[in-house]
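Consider the two complexes below, in which subunit A is the common component and subunit B and subunit C are the respective partners.
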Partner chain A sequence: MVKFLRMLAISAREGTATRKYPFESSLVTPEFRGRVDIDPAKCVGCGACVRICPPSALTLNYESDEVVLKYFIGRCIFCGMCAYVCPQDAITITKEFELATPELNDLYDEVVHTAVKCNVCGKPFTTVKLVKEVEKRIDGGDMSPLFNTCPECRRKLTARRVGSGVTGVSVE
Partner chain B sequence: MFSDLERLRPMDSIARGPRSLAILNKLADVCGDSILDVTRDGITIRITLKAGCLRKALETIYSEHDLYFRTLTASDERREEGVYKLYYVLGIDSEGTNLVIEVPVPEAVEIYTASDLFRASDWYELEAHDLFGIRFNGRTLRRLVLPEDWPEDLHPLRKDVSVEELRELYQPQMISRVVTELGVEEVVRIPIGPYHPALHEPEYFELYVRGEKVVDARYIGFMVHRGIEKLAESMKYDQVPFLAERICGICGFVHSTSYVQAVEDALNIEVPERAEFIRSIVLEVERLHSHLLWLGVALHLLGYDTGFMHAWRIREKIMVLAELLTGSRKTYGIALVGGVKKDIAQDTVSKVKETLDRLKREYREFVDVATSVPQVRARLTGTGILPRGEARAYSLVGPTVRGSGLARDVRKDYTYAAYHYVSFNVPVYTEGDNLARTLVRVDEVFESISILEQLIDMLPSGPIMVESWETQPMKLGIGSVEAPRGEVIHVVVTGHYSPYRWRVRAPTYQNLQAVPIMLKGVDLADAPLTIASIDPCFSCTDRATIINLRSGSVKTVPIEIISRRGSGRG
Partner chain C sequence: MSALSSDGLDGLTNGPLEEAFKRLKRSVWVFHLNTGSCNGCDIEVLDVLTPYFDVERFGIKLVGSPRHADLILLTGPVTIKTLSKVIKAIKAMPRPRLILALGSCAVGGGIWFNTYSTLGGYPKLEEVLKKVGVEVDKVVYVPGCPVRPEAIIYGAAVLLGLLQPKVTHRRMVAVEG
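What follows is the complex of A and B.
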């Protein structure tokens, strides 16, 4: 019984199985999911990607005049959900996976948006581009008086309106 | 309530067949008025039972030959219904029926143990006690999943405990020791979940040996309890699959699929056919890579590294195939509630076929040689025996149970995804030794290849995702998948935006409890392979402690070293 010697023939036939990466290109198929790339021209800062991102690699940060969409590659699990949900097709999944770096900042990517401040409380709450996009989509619908009011103040206003039985919107 | 015969008649309409009818009638006989409700939804029969009759009910049915104890889920529903709930999920294998015994447990009510009947119940009860504070009588309660120094009355899965509070309330003793013994004033705390990974490995065996023979074994585990069930309660439905997939680095897709199936079951979501096919295809690809991985590791433990290398060379083609199909070699990330998020392109189909053809050829050639190597065969034969009766009593799963003569396979028994469209065999061996468990996996690779060929040929066209679905709170759903290691079962109680309760049971949880039985009487050198024969999710740096009863010596050694001792034999 020297059947097991047949393995030698198989080895000779197959030769070396490993690739000499990094001297040879690595094996990445066309379907591979690497880091994501956000196109600042297309992104409107709606935050859909932020809400679905399972490990919170994407965050929306409200600063006084800006709303910043931040992507931290260090947390990203390359699931592609952000690209899947983005209504603007602003996110592409790249094939990049060689992401190690000694520089922490290399692991961040940002899209900076101009903020819309609430005309009641003054807090930044959305982006100029998103307001425009919504206006475009509802096409003439009469929502505009509330566009510049943050959801929290809007709730209060509505409650007051209903409470006093006044119809129509008045925003001071 | 169901005591008189008139009331019993509805059992006929609820039962799915003669087996479930017989079991339901027995339960009605012994519990009568204690049965609060009986309903059926699809393959799941749900009996709500007063806590007082649970023991009697389980005593009546535990010896039914085809009844399998699959999981016990505790849930804190005090906010909704004023009680805790216990869901005993049993399966009637021969009929493919889920039998859920739902027991409302008011605060401070104690439950009599079932661990002497269904032996698998042991860990489940300890876990329900640890995480919810539910007390079980007639047995010793000890810590199972929480660390020894966890505060006495803090039960983390109760709804009134938040994750933030847990971080505040639990400070590993290690830290206070460092503070007092080393006199350091400030310790930087790095919170890693509610548990600290102070111990090196998630699994740990103590082997008691006399000379070279193992006389007993003890298992200590649950050292990296990650608290993910709690975490999921604050994640959205479609975020949880990605967390679920990270339960296991080898067979993650079985978890994301079980989870989405549980949600779909709870909310009656109909998944498009094409999505069902894609799920089955990816699940079988996962089984192929996992079995080849295991085969390689087993051969390595047996000292046959040539075989190990070839197993992994062949496996590499499957990894590339997985990436082509899903976008990733592992953690495929395509399972979502209601379908899958990635379609299979037409030119991928031909690549899949090509790979399968090559795989079949190369694998047959390899496995033929590898299983004929004399020292491999000699060391597998007759070692680590698990008798059929024990396999049944412990409700074991996967190749472990199929190596002991039971044909349990949830792909057939409780079919899901696209498995009912294909024909395949469930390989069963009766010897119960390491060889039997090995051969089950060896044969299953051929079956998986054949399943894949059939699925690819029949792949229907159409959508891969439902258009929309809606949540409803407090619905119960069960999702189970035949993972490479055996059944994975997830139980979900739905909430508004997130699972209200998500209970995960992996196959190793079920199978590990039987390892001490397999280990008794084996040569020390065969212990590592015996442990590995259930294919636990092991890390290559795992350690075993050997306590020599004669000399009283204790030593900790790498697991490979023990195994290599046996390589000269055979």
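What follows is the complex of A and C.
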């Protein structure tokens, strides 16, 4: 009984410990990392975030006319590496964590880019915005004739050029 | 989009199941099922049950057996080792069976989405459940790594139709410039 009275005094001093969460804001610290937000205006579709993403929550899908950057929140581990590596600062970490939904499809974010097709084999391999960005950064240069050629075809073309330069025989 | 309607379950119309679900809104008994998770989400579930977040003020109570439970808090990517036990536990639940898939692992497999020893989250488990003929009435996916205690409370509210989900599928076209 005495113990109970002592407890009463302590609880009167300390007050209620319980958070009133749905009726008040949550305990989100400045360092908290929630879902990431991709700015479609800034994103060039370079794929740096796709390479760094540990659980492959970000993927680049090459379709016939478009390159789709897909973000699946349901697999994201909220490490923030994508925002750290993004060369265009297109990815920002938000404080959103109330992501519950009965539809799995709600957890997908997509950024649709226009694809550039290889002028040799015709396969979509990069985005129009990325080619423009690279052109801007290197300011022309002798790479420009190979801008619209996919890495595989570019390797073959370069090998042929070097080979014919050394031997003097043109290879077709 | 009947799953998003404020009252009632997806696929449950005017029957004893719907009646049972209406009664459920006042108090849900939960069973905590770890399907091979790293214990991060389990600790957050524990956090929800402490007086600090205190879900008992919403009538949510932890029980020790799936036979007493209305809702399973499923954490982990469903490893092959736990699969048979998980199916048994879900089968033991009375209808309506509700599941809250907690954490990145349970929603999409997390970093173990394509390993040999896991199924890769609840969507894959759902296919197995369909094959063995176990019906689940409603599932709510709660992403997070680990899930915040507040996110679990929010997920439970979405499951019971008290709140509407905030996230929607977004398809944005990159502006050429």
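Keep in mind that, in the parts below, the second predicted complex is superposed on the first by the 153 of 172 C-alpha atoms of A that agree within 3 Å, B and C clash if a C-alpha of one lies under 4 Å from a C-alpha of the other, contacts with A are read in each partner's own complex, and residues count from 1 in each chain.
Note that contacts are C-beta pairs under 8 Å (C-beta built on N, C-alpha and C of every residue); 3 or more make two chains touch, one makes a residue touch a chain.
As the structure is a computational prediction, the values presented were derived from the model and not from experiment.
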A:K136 touches, of subunit B and subunit C: first, second, both or neither? neither
Touching partner for A:I52 - first (subunit B), second (subunit C), both, neither: first
Contacts of A:L104 with subunit B and subunit C, given as first, second, both or neither: second
First, second, both or neither for A:I10, with subunit B first and subunit C second: first
Partner with the higher number of touched subunit A residues, subunit C or subunit B: C
Partner chain in contact with A:T29 - subunit B first, subunit C second, else both or neither: first
Partner chain in contact with A:I77 - subunit B first, subunit C second, else both or neither: both
Common interface positions of subunit A, toward subunit B and toward subunit C: 17, 27, 54-55, 77-78
Subunit B - residues contacting subunit A, complex: 235-236, 238-239, 242-243, 246, 306-307, 310, 313, 316, 320, 323-328, 331, 333, 341-342, 348, 365-366, 368-370, 372-374
Subunit A - residues contacting subunit C, complex: 17-19, 21-22, 26-27, 35, 38, 40-41, 43-45, 54-57, 72-78, 96-114, 127-129
Of all residues in subunit C, those that touch subunit A in their complex: 1, 3-4, 10, 51-54, 57, 104, 107-111, 113, 121, 123, 138-145, 148-151, 153-155, 157-159, 163, 165-177
Parts of subunit A lying in touch with subunit B, wherever the complex brings them together: 1, 3-4, 6-7, 10-11, 14, 17, 27-33, 51-55, 77-81, 84, 93
